[in-house]
């Protein structure tokens, strides 16, 4: 299923979100968890698209719903626990309505995921090679020897030295960076078209982070896979992402190209994220600007705009922030924002308050 | 949470339901054929002193079990009554208790010997003639030398430690620490035992003993071939002279007896042995409750101990008419009593002792042992099953079943303690019945001002270190001592001598006479020992009994009885005065 | 690795010697503190009418009149080189390891003790097999169906199994299946006497199930808790992310980790049980090590007590050693490189 081509001619200097062939198409995804205390609305109406060869960065604080989103795509929520509505199209197939078995067959083969902590994410009792072989043989009917050769190849591909020896090592025998590489090797062993990386560098040293991100980018180019990077660290997505979606309280608040987000952020929350991020490429003018307040409860999401209790500009909307939920709307050039502020107000705030301080 | 309670309730009711099913007990199979003689229909006490389901039919395997282990299967090294009972199946002593019901079974008849022993020299010499044609299981003929050897080896108490010491005590000039293994020619005991010819044996004693036939029925007189004696290992396979021999024997697990083809019944006309089962199996260390249940379920034929079922089983049996019809309340030659230690004041005074006899609640004493099923109220010492025993009631126990307070008070006045006195009463700590006795006496005696303080002592060392050690007992004021005594055999000597003769009291402890010191009694005992005429002798023992009671040296409690269970699998089953349980030489299996 | 093993074995041997020394001391010193003499001790092992002389001779024969260290030395010597025993009609050689002769039955301790090991091993082994399968299986099912009625019923039954004492469940099962329905007969039957393995198992069935019930219940709860914990681990999520079937995920990834602590506990439980499943053996009258321990203790028969204590200690020490080694095999993180 493809979207009709956007016929609006591109304006110069403005990148737009390419709404062409979407490999991954998420529409109005809602993931609710009924608990004794109430319904936890982890994801509450999320939509985005991603093509092959492109990278989407999903950014947000803990509790914003970014991990839940990725688990929903992969179908990793235990049955009966989550109430999932909406549509998730993977190369035209709706994963939400597909059977669990169908989704299982896709996992590892067409979509793969790597996790934050490679030490806990790999089984400590099996060698790395065994785990990669296992991943491979689930989807490919080959002998153990062939699979082992493939595993060694994959380890080599991700840059692990002496792969024929390291293939028989246990996860705890690797250093942090090597371990993450091994996990990437495992995830990519079946050549998936979609790779979801959930906080892939959070547990690693800063120096190693860059290597891993480089690796992901190289592999993406090689396999032409779609990549989703989930992180709370804007620095990570600055490197890799083509598009960035900022999430807050289970909803998308801003969605545009990476350049747009960094150069022309529109949402007060995004401003807050950028302001609280230390940057080397700008002069240090003032102190970091933290976002006041704390993330909201996902059971009792604030009425209206979920960000309104922490927003410095909510008062400018004549009460709409407290009552009406803002829709994610196109501001005209493909840059989508969910905010009640009028474009004028936003421009003013950006120019006067935020930009000088960044 | 609500459902949790439901689940728990379900689980509990399920458990209760299960236990009700279990406690309902197995269906006892209907006893006997209809329209047969009374002796085949199951009824309470049908086998007490009479034969239930008489039978001559051979066959089957008699399955027996015991909660502990045997003391020894070596006939020269065993003391348990049950062992002596069963041993008659594989050995033949000179004399033997007749295998017959009731009082008949209390008689000692010739077995290996042709006739009863002939006393000479004032009952200091005893001569027996040995039957011809009796063979060991390996076919060799038994001679008098084999009997001499059997007795000789049993004298070695350093090697064979468990058996009785009567021969050590009575045979003439037996050297100290005699061991036949160091004296294979038996020259050192040449004066004690003579074998003038292969069929004659003569015993020489160091003092007169008129009841020697009772010694002659001890399994230690059963012949043992010297060449096959393996000392402490002999118990693994004693060489049989009886109708059965050992097929297997594990001293820690049990044994199996099978028919001895060398046994010739024509050489055994008087003993009454029937040898009905083809096989006898004995299992050791079987759980007591298991035994009782298996008897009822028909998986087991005999509880060898023969002392009766467990207390809880007893209650169940008496309450259920069907089960009760399978029970026998068998009289034992056992007296449960309380001894007065005359070394502790004021029990050195006859009237004070009489006061206790009058004040005691005899029904209470009986209740402590389980009521009438536990035994009959004893009015004197010797139980009715002792040969020649006479029952007399000098203190009126039968009329005053709960004691006579007036007479007690009168006696207290007479002994100078009108207000009563305090006294310690000792009992064995792990015997709840003895504890109940102490408590019952405490209650009944308090009516006349006698305050008893019960003092429990460990059973294992009761006679060796505490109540049975004169110094300790005196120092701790143990004036009354709860005890129980079963005879080695049912005659006056077997029953009374160990508990009333003051000369058997040892200062070192380990006594069975815990306090009776009456010179006249000692004299009477000596007289009984040398009176060869049986009737006259028995009368002397009655006189001893009377004297002891006259001196109020002892408070008799009850003559014990046991409640045995008789499964339908048994035939020809009876109890008698000799064994005080089912007779294992006559018992058989009901054939279908 | 070899050095480690050697150290452990030496440590075990020392421990076993300490165990015997302590047992020895308790047996002799405690009565001494209570004022008992050597003769008093010996009086337990003679017949009813034994005289003072006989008791004293027995005391000498059994060595009670010797000082403690000498008696213990004799015992150790017997263990190491063997001993000679005078059985009256001759001298018998008791080869090493000689555990002495029973004070009461005058028979050598070792052969009887050894003959009982297979009985206890049969009991423990069979029950272990049953409880491992049923317990772990139940635990896995419960964990997978967590919160369901099935889970809660199974855990309630498990609670009952853990709480009910063996002599209760044993007697209950006996009264229903043995006395009531007549399906099995015990009463002193030695299952090792059966030549046909079917009957061997038949004799042991009721004790197996009774013993296994207790342990299965405990293991079910353990497994369930372990599984719940493991199934929450990240690597289980990764396994699913790879597209493995749920069954592979649960068993190969989940159960494999959850089993590790269970296997170590199992090894220890089995070792303890080999020391004598006393309650079960007594209830079902099985002639094993446990029953032997009771017999020995009741009779105050020191050689038997020593023998049984050593055997039990040996199995426990062995189990500990095996478990430690096994852990290194199972969990690669623990291995000493």
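By letter and in written order, the chains are A, B and C; residue numbering begins at 1 in each of them.
One rule holds in what follows: a residue touches a chain if its C-beta (ideal position, glycine included) is under 8 Å from a C-beta of that chain, and two chains touch if they have at least 3 such contacts.
Being a predicted model, the structure only gives us computed values, none of them experimental.
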Taking CA centroids for every chain, report which one is farthest away from chain C. A
Can you tell me which chain pair comes out on top for contact count? B-C
Averaged-CA centre spacing for the pair chain B and chain A, given as whole angstrom: 92
If you average the CA atoms of chain B and of chain C, how far apart do the two points sit, in angstrom? 38
Using Cα averages as centroids, what's the distance between chain A and chain C in whole Å? 57
Which positions of chain B touch chain C when the two form their complex? 3-4, 7-8, 11, 15, 18-19, 21-23, 25-26, 63, 65, 68-69, 71-72, 79, 153, 156-166, 168, 176-177, 179, 181, 229-236, 250-254, 283-287, 289-291, 293-294, 296-297, 299-300, 460-461, 464-465, 506, 508, 510
Give every residue of chain C touching chain B within the complex, in rising order. 36, 40, 43-55, 57-58, 61, 86-90, 92, 105-107, 112, 149, 152-153, 156-157, 160, 171-172, 174-176, 178-180, 182, 185-190, 282-285, 287, 291-292, 295, 298, 300
In the complex, chain C residues that touch chain A: 233-235, 237-246, 253, 256-257, 260, 330-333
With touch defined as at the start, can you tell me which chain A residues reach chain C in the complex? 74, 76, 104-109, 112-113, 115, 117, 120-125, 134-135, 138-139, 170, 172, 183, 186-187, 190
